[in-house]
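Presented below are the structures under discussion, each in the form of structure tokens.
Look for chain A in each of the two complexes below; its partner is chain B in the first and chain C in the second.
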Partner chain A sequence: MRFGAKIVDLACLNHFSRVMSTITKLAKTCTLRLTDGKLYFILSDKVAHGGVSMWCELCQGNFFDEFQMEGVAADHNEIYLELVPENLSRALKTAQSAKAVKIKLTNKHCPCLRVAVELPSLSSSSRIVTHDIPVGVIPRRLWNDFREPSVPDFDVSIYLPVLKTMKSVVERMKNLSNTIVIEANLSGEMNLKIETDLVSVTTHFKDLGNPPWASEDGYQSSAQARDLESMAEARIDIKKLQQLLAGQQVNPTKALCNILSKRIVHFILLHEDVSLQYFIPALA
Partner chain B sequence: CILHCFLFLLVFGRAIHAIARISDEFWFDPVEKGLALRSVNSSRSAYAYVFFSSMFFQHYRWTAVSQPCQKEKQLSLPCKLIIKSVLPVFRCVNILERNVEKCSIYTDINDHHITFQLLCKHGVVKTYNLTFQECEPLQAVFAKHMCPNVLKVHSRLLADVMIHFPTSQEEVTLSVTPMKVCFKSYTEEDADFSKTMLTEVRLNPEEFDYFQVGVDSEVTFCLKELRGLLAFSEATSVPISIHFDVSGKPIAFSVEDVALEASFILATLCDIEKEPASQRPPGPSQQQESAADTVASKKPQWDGNAPNAEPAKSTGPSVKQESTNVPRDTGREVPGVEGTALAEAEDHAVGEGKAAGSPSQKVRRLPVSYFYQHSLSFQFHSLFFGAVSCTEKGAISPTFRSLATASDTEDTGSVQSSQL
Partner chain C sequence: MPLSAPPPASGQPYVLSASLDNARHLSSLLRAVHFQDHATCFATANGLRVTVEDAKCIQANAFIQAEIFQEFAVQEESVTFRINLSVLLDCLTIFGTGSLPGTTTALRMCYRGYGYPLMLFLEEGGVVTVCKINTQEPDELLDFDFCSTKVVNKIILQSEGLREAFAELDMTSEVLQITMSPDKPYFRLSTFGNAGSAHLDYPRDSDLMEAFHCNQTQTNRYKISLLKPSTKALALSCKVSIRTDAQGFLSLQYMIRNEDGQICFVEYYCCPDEDITEGEL
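Right after this comes the complex of A and B.
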């Protein structure tokens, strides 16, 4: 099992650093899946994290100048590692002006991702900062736990409002309530509601637009049969929503959510070279 | 005495903040030449000293006042202040500098108050009256010139290095050979390696303004305590000198300028594995033996016949005799007790100085030869601290002076004398 990668371009480095910051806000520990062409950051829906799950996919070619991996076996050319994203994020944060960043999987005392940052210095040779980030190797028999989650059979799919606006609304609501109701319909309307003994606050968004989903047999028809005005809603943990929004440093190209009434809200945030899916289950 | 001065806030404020990282209280010691601030942390593993010469201040007036209760004129007003009381005065130093036109510090020994007065813009005057406790000043003596390893570098470089370590990182190890320098994060042996992230920063000796490595060494010290000095040094833009030796011996970070001087002396972890088990504190007899060694070499006047530079391990009955001498010398009994403790800590070279500490614990304690306790009233102030006062004449003072120069001896085998 081997892995080595190198980033030389500063823009790519910053981009990757931003992705890591986002992941850090969403999960304390997560799974990093490495394949020949892609990296995945996965959080599977265990009860431990309140049932949320995350699937983040990156195309390695968009970030790394060099990328080599050798999986556990020829027919399973993949590596699954458990890691604390904050460590990786921290290692990259201070590499803002780096000449090069190399990431390598090593095994000295224990399996580690070794991040070596080459920084410019006043002297002839560069300054080298090395971070050894401990990782856990996930054995093949557990790989099934980390399969890509399927898109739920949602009731409503709608584009999200400008994330910055949504974030500031949710942040203020967070002070008043622990849960938030997110509801939307097929007319491009979305409401964010909180209700406590003392106060209830609703923020209305209009003209958001509903993404067209490619029909699978009978899929389209069931969606079309739905009343355009009728709201699908789910009550979710407000903190989880706030974490998702807070982690977004750059505006995604596309941001939408799928609501399965009273069951789950599925967020999809697409950037040029990164796609992030985040599932927040509805509370009873 | 009355101390009246104005000062450059940013630098002074940063000094207070740096000292605040060491301890909750500090010694405020105005003397004729300037103002000295000193602090020691509770575990005695870090000592900070900042001295502002009278030139630093726009106006510095210091008057000696003789105390009727003491025979000699007391030349200094040593007192202790609680940092928490002083910090608010210098909170947000950066903003302070813009708003404050003048800062003055008055003390009046009769009043037991120190007054910080900030004259701000728009006619606003902020006055802080702080009470202090009178006490003996303390002073550490660290023979920097004896250190085989000396590095000099601008604080910017050190700050750039430390930024790679998380703010929660407690300790770092500085590792040098004549060819390379590196700082790496330190974790306890029993820590879970599968959980902790380790960071290492490798530098080129060329990056240092001055680079002298006499002996390959790896010293581990507390990073948190250092960060304050880094901020202070950046405000002064004076380069930092690092003096150190092998593991176990203290490391000193200092800045020196015409107008000010600061030293942060930090204990370093002793490599306990190298110590043979026999050196662990067993029965009292061994302790006394080592106590006598140190006592004999340090305070010759107590038994009156041992020379200054005592060889490290005196053996046999002569040692026992010396050790029994000590308690009998009642006039110095208290310092004698300290002497024992001195030796204990000394002997284990910053290891488990106190028997109370468990052997597996890596305790950092500055070798107490650095501190000289001087007790005017024979009161037991502190086990490890030395105070220097000009009023005490007689045996102790010359001892102090001679000890400071005793470092010139080439007795490298001895733990004690090499500390000097």
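Right after this comes the complex of A and C.
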């Protein structure tokens, strides 16, 4: 099992750093899956973290100037590591003006991701700051736990409103309530609602648009049968939603959510080279 | 852009209805008196007064006169209710507190009367938020009985002169001592903290002094923890008037100019700290 990668381009480095910031906001610990062409940050839906799950996919070619990996076996050319994303995020923060960043999987005393940041220096020899981030190697027999979640058989799919507005509203609502109801219909309308003994607040978004899903699995036909005005709704933990929105520092190219009434809300946030899926289960 | 309120049910008119093109004209003033969760709202045809009290010794009032609103109608002689100010502020600032040029939140406020919630309709960029905040029985408020005939000493200062002083008050001191006198030191702020005492003097001929009417030397102490929240009002204001009466009650009146140049007032009243006599300087 080997892994080594290098980033030289400053823009790519900043981009990767931002991705790590986002992941850090969403998970204390997560799984990093490395394949030949992609990196994945995965959180599978365990009760321990409120049943949320995350699937974040990056094309390595868009970030790394060099990327080599050798999986556990020839027919399973992948590596699964358990890591604390904040450690990686912090290491990258020291690399803001770096000449190069190298990441390597090592096993001196225990498995680690060694992040070596080459910083500019006045003398001829470079300054190198090294961070050793402990990781857990996940054995092959557990890999099935980390499969890509399937898109739920949702009732409504809708584009999200301007994230900045949604972020402000959810942040204020978080001061007032622990849970939030998110509802939407196929006429491009979405409402965010909170209700407590003291106060009830509803924010109405209109003209959001509903993404067209290909009718391979018959989604479109079941969606067509649905009354356009009828709302699909789910009550979710407001902190989870706030963390998802707070982690979006740059506006995504596409942002949408799929609601399966009273069961789950599936968020999809697409940037040029990163796709993030986040599943928040509905509360009882 | 003003919103139209939904038609009242069963023909009952709203006892209070108001529209404001820029909700910040209200929220920024309310923040200047937000040192407790609860506030009493008092509305008459003249406008809205929001009162916050603490420890039975300090009272802050924010006045938003009817002219500030695009529409302000009160059906009865006066309308009073108690409301959670923290919740009210969260609702008024639902779209964020950032003051980006060109983006304002429009507000419509409606209240049906005793026992009904306060309804807020807020709109920004085509997005509408509706809030329903429960109201409670109004509290009995303190009456400081502070009128201009009883004022012993009065000065008016430009706020910029006091801002730094108030922001850097030695909070290890239990009291803020205010001396006002026709003779030196004229106007002095003192604290007595762990590191020692600090005195800040403002001469009567200072540029910052807009008016100086002191008839008697008075030294009064006030609990610093009670006065510290007034820093918020000071930060927003351009001028402050400081007055004391014969009992040492303090009135601070802040003149605040909003984004559109309109003037509003916030005042703080504070009782003197009991265990002090004038001899102890």
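Following the convention adopted for this analysis, the second predicted complex is superposed on the first by the 282 of 284 C-alpha atoms of A that agree within 3 Å, B and C clash if a C-alpha of one lies under 4 Å from a C-alpha of the other, contacts with A are read in each partner's own complex, and residues count from 1 in each chain.
Operating definition for what follows: a contact is a pair of C-beta atoms (placed from the backbone, for glycine too) under 8 Å apart; a residue touches a chain by one contact, two chains touch by 3 or more.
As the structure is a computational prediction, the values presented were derived from the model and not from experiment.
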item	value
Fit-or-clash call for chain B and chain C when the two complexes are aligned on chain A	clash
Partner chain in contact with A:T202 - chain B first, chain C second, else both or neither	second
Partner chain in contact with A:R172 - chain B first, chain C second, else both or neither	second
Touching partner for A:H109 - first (chain B), second (chain C), both, neither	first
Touched partner set for A:V72, first chain B, second chain C, both or neither	neither
Partner chain in contact with A:L122 - chain B first, chain C second, else both or neither	first
First (chain B), second (chain C), both or neither touched by A:N87	first
Partner chain in contact with A:C12 - chain B first, chain C second, else both or neither	neither
First (chain B), second (chain C), both or neither touched by A:T130	first
Single chain B stretch clashing with chain C - from 2-10, 20-28, 128-136 or 272-280	128-136
Contacts on chain A seen with chain B and repeated with chain C across the two complexes	none
Touching residues (chain side chain C, partner chain A) in the complex	84, 86-87, 90-91, 93-96, 124-134
Chain A partner contacts - residues on chain B that touch it in the complex	163-164, 166, 193-204, 206-207
Chain B contact footprint on chain A (complex, rising order)	84, 87, 90-91, 94, 109-110, 121-125, 127-134, 136
Of chain A, residues touching chain C in the complex	161-162, 164-165, 168-169, 172-173, 175-176, 197-207
